[in-house]
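To keep things simple, chains are lettered A, B and C as they appear, and every chain counts its residues starting from 1.
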Amino acid sequence: MDNTQLAAAAAALAPASEIVQGKQFVEISVSPGHLLSTATALKENTETRFDMLVCITGMDWGKELGVVYHLRSTEHNHMVVLKTRVSDRENPEIDSLCPLWPAADFHEREVYDLLGIKFRGHPDLRRLFLDSTWGYPLRKDYKDDINILAR
Amino acid sequence: MEEAVINLPLEEEEYIINMGPQHPSTHGVLRLVVSLRGEMVQNVQPHIGYVHRGIEKMCESLTYPQIIHLTDRMDYLSAHINNEAVSLAVEKALGIEVSDRVKYIRTILSELTRIQSHQLFWATYGMDLGGLTCFFYGLRDRELILDIFEETCGGRMIVSYNCPGGLMNDIHPNFQKRIKEFIKYFRKTLPEYDRLLTGNVIFQERVKGLGTINREDAIAWGLTGPVGRASGFSCDIRKHNPYSAYDKVTFREILYDEGDSLHRYKVRMDEMWESMNILEQLVDNIPEGPYAEKMKPVIKLPEGEYWQSVETARGELGVYIVSDGNKNPFRMKFRSPNFVNLAPLNLLAKGFKIADLVAINGSLDLVIPDIDR
Amino acid sequence: MEFSIYDLTSFTQWIDSSLRASMSPGWAVAIEMIIIGVALLVFFALIGLFLVYAERKVCALMQNRLGPNRVGPGGIFQTVADLVKLLFVELVPIKNADKILFNLAPFIVIIASVMAIGALPLAKGLHAIDLNIGVFYLMAVSSMGVIGVLLAGWASNNKYSLIGAMRSGAQIVSYELSVGLALITMVVLAGTMQLSEMIEAQRWGWFIFKGHVPAVIAFVIYIVAGTAETNRGPFDLAEAESELTAGYHTEYSGIKFALFFLAEYINMFIIAAIATTVFLGGWMPFHVYGWDGLNKVMDFIPPFFWFLGKTFGVVFLMMWLKWTFPRLRIDQLLTLEWKYLLPINIFNLLLMAFLVLVGWHW
């Protein structure tokens, strides 16, 4: 399916989302509450059939934290971007997509490690690269005068 | 490390051993905490982060040409391809079309990179399983490719040759001649590898049927590269979303069904043959043209999000750039293939013996700096 | 007194008679035992030194590189340098280890090896003790080495050493069977267990040619089983460098580790020497009945060099095997022995017995 068809299908599957055509892919933005249901719908619908989770990227948008999911369908060979934002910077929590795609396991641990976003329902949420004395380095307000040169 | 809590539910007669960060067989600094019952592996937990350099955070304060030099050091065995990924992403964002010459040279260098990475895989896999001679034969042949890299790019492993806009410099006059000599030599030598290791009954018994994963699981876990293709998952980016000169060459995508360690090994051996076919199709036909497009001194990507996938020797490398219009990216994310390929290690190794864990780990062909970034 | 390099009995008789002439028989025997002991230990040490160097050079030959070539001309003093370095290494004491057994283990392995060399005929007349149950004695004595291995693993107070020692022990004991049966097959052909008579019987043809099919099968099985018994070659999982632990000798350092290391090479030499004696004719040159010219040329080379040449040939074969093949896993190793080698061995023994009875051998 090309991008316009995808946009239409996504609008049908996830009415509570905001659908934008980005530079390359259709970008579906949902609120954290609708994330799991939208992802499930995208995966199970036979026309879209996003059976492969390519990448999970944790984002710090400045005021809000967010997560960006790149999904791909191996059957139809199309990709779509699913985005969500959390406004609570102290205790951000999002549903884990591990039940849908086991590939989410390590990716979500990385996002938790580097940005501090907790994932509800993750089988084993521990920090991946760093230990507990580090804060959340990928956040924009992370200060480290020794190691990071501020430009 | 404090947070390295070992969440292993231990039953009776289970004990834990540590294949520590320094171990001859884990191919880099990877710590595997293995819980065993007797000789059987019950649970494997990888602990990573020993080579975490914060590349993604560093990219937020560097310009795009500077980022190229960081990408070399992620999966250092696919250095060219990593550079190519970021260069392609930046060129796509700016809407620049590089000349055919650049595309051909990039493809040739990528295929050479793929061959030398698989040669190293063969060398270290044989060594892990005890056939120490394989290490010397594999590396001896890899030196020929590294000499070609050194002559043209200035570096053997860390090359930084691709850059946004094209190449850093034009190729050396000996480039095509040396590649043709290499192909002639390697076509005769590669059957030797098969005679030494692949056909050996000890090797086959050690490796057959180990760590099997079927196609659905491979897709669900996101396994790409030779690991995915050995399970029947057709994931070659060079075929599905061709970039550079891959749409101008014909080659086969190697797929097997069995998904065990032996077929992950065989995919890589067959890929070496296919890479040589691609090289032969390209090496004599490099068109003339500029080796780089004229770029602005300061590269600023338009606001937006860009994604580029390339096929490294180990799988799909994805580069995700979020730009807010400045000369530094707002966020740069590398979807590294090794990070994803490491995740199902527990699933693959459960129920096998501890000696098999080394074989399975070797067949995944991990490069740890790529996992940790 | 004429000393011939071709028949050293005159030399040994001279030593014996001159000792008996100057002191009482008891003292003479005691002095002779001391002389033989020292001579064997010196031989042992020299062979060990040479074999370590040879292994590194053969390994380098297989791997397309040079090997040690700095220390001394052509690198021949490399082993001496390694030995000196090992002497300087700190002997790390083990907490809670059984000190007596811990220190005893390397010596047991060495003692077993020296006892085996004592029974082998190294040249015509150079035979420490010529037992009439020579083959039986050799098999019995080389089994003693496993005690040292198990002691080392147990006394180290380290669960990984113990696991490694258990695996080694299981491997050695299993392959003893195959080694023994292969040797018994040749005893059936020779009709005697006495080593000097076996060698005499090979004057007009080594047993590997005389006993054609079953002798060749027995030789192959013996080489495979012998390599496995010394924990070498494709059967070295218990001490593999790329696996988890260094096996039963993890906790040993310095001179004690050097003893284990040396014992492995000496055991390889002993396996090769037994193979030479039983299959390839020991110190007997290669004769063909009726070709006197050839026999005279062959006889020109002294027997001691025939023995050494054949033994080092078999040693080279064993080293070649090690550097070519990947390793077998422990369960594959034991499967190989119990499901493949042992039945083939038994069948081969029957075949040899049949051949001897019917007379279809040379």
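What we mean here is this: contacts are C-beta pairs under 8 Å (C-beta built on N, C-alpha and C of every residue); 3 or more make two chains touch, one makes a residue touch a chain.
Fair warning: this is a prediction, and the values are worked out from it, not measured in the lab.
**Q** If I average the C-alpha coordinates per chain and also across every protein chain shown, which chain's average lies closest to the global one?
**A** Centre-most chain by C-alpha means: B.
**Q** From the centre of subunit A, which chain's CA centre is farthest?
**A** In terms of C-alpha centroids, the chain at the greatest distance from subunit A is C.
**Q** Please report how many Å separate the Cα centroid of subunit A from that of subunit C, as a whole number.
**A** 65
**Q** Could you work out how far the Cα centre of subunit A sits from that of subunit B, in whole Å?
**A** Centre-to-centre distance between subunit A and subunit B: 25 Å.
**Q** Using mean C-alpha positions as chain centres, tell me how far subunit B is from subunit C in Å, no decimals.
**A** 47
**Q** Quick one: which bits of subunit B touch subunit A in the complex? Just the residue numbers, please.
**A** 1-5, 7, 48-49, 52, 54, 56-57, 61, 92-93, 217, 219-222, 233-235, 240, 304-307, 316, 318, 320, 322, 328, 331, 333, 335, 339-340, 342-344, 372
**Q** Where on subunit B does subunit C make contact in their complex?
**A** Those residues of subunit B that touch subunit C are 15, 17, 19, 24-25, 39, 126-133, 135-137, 140, 196-197, 200, 202-203, 205-206, 353-356, 358.
**Q** Where on subunit A does subunit B make contact in their complex?
**A** Answer in residue numbers: 22-25, 27, 51-55, 57, 59-60, 68, 70, 74, 77, 79, 81, 101-103, 105-107, 110, 114, 124, 126-133, 137-138, 147-151.
**Q** Please name which positions on subunit C make contact with subunit B in the complex.
**A** Residue positions touching the partner: 59, 62-65, 159-160, 234, 236-237, 240-244, 323-332.
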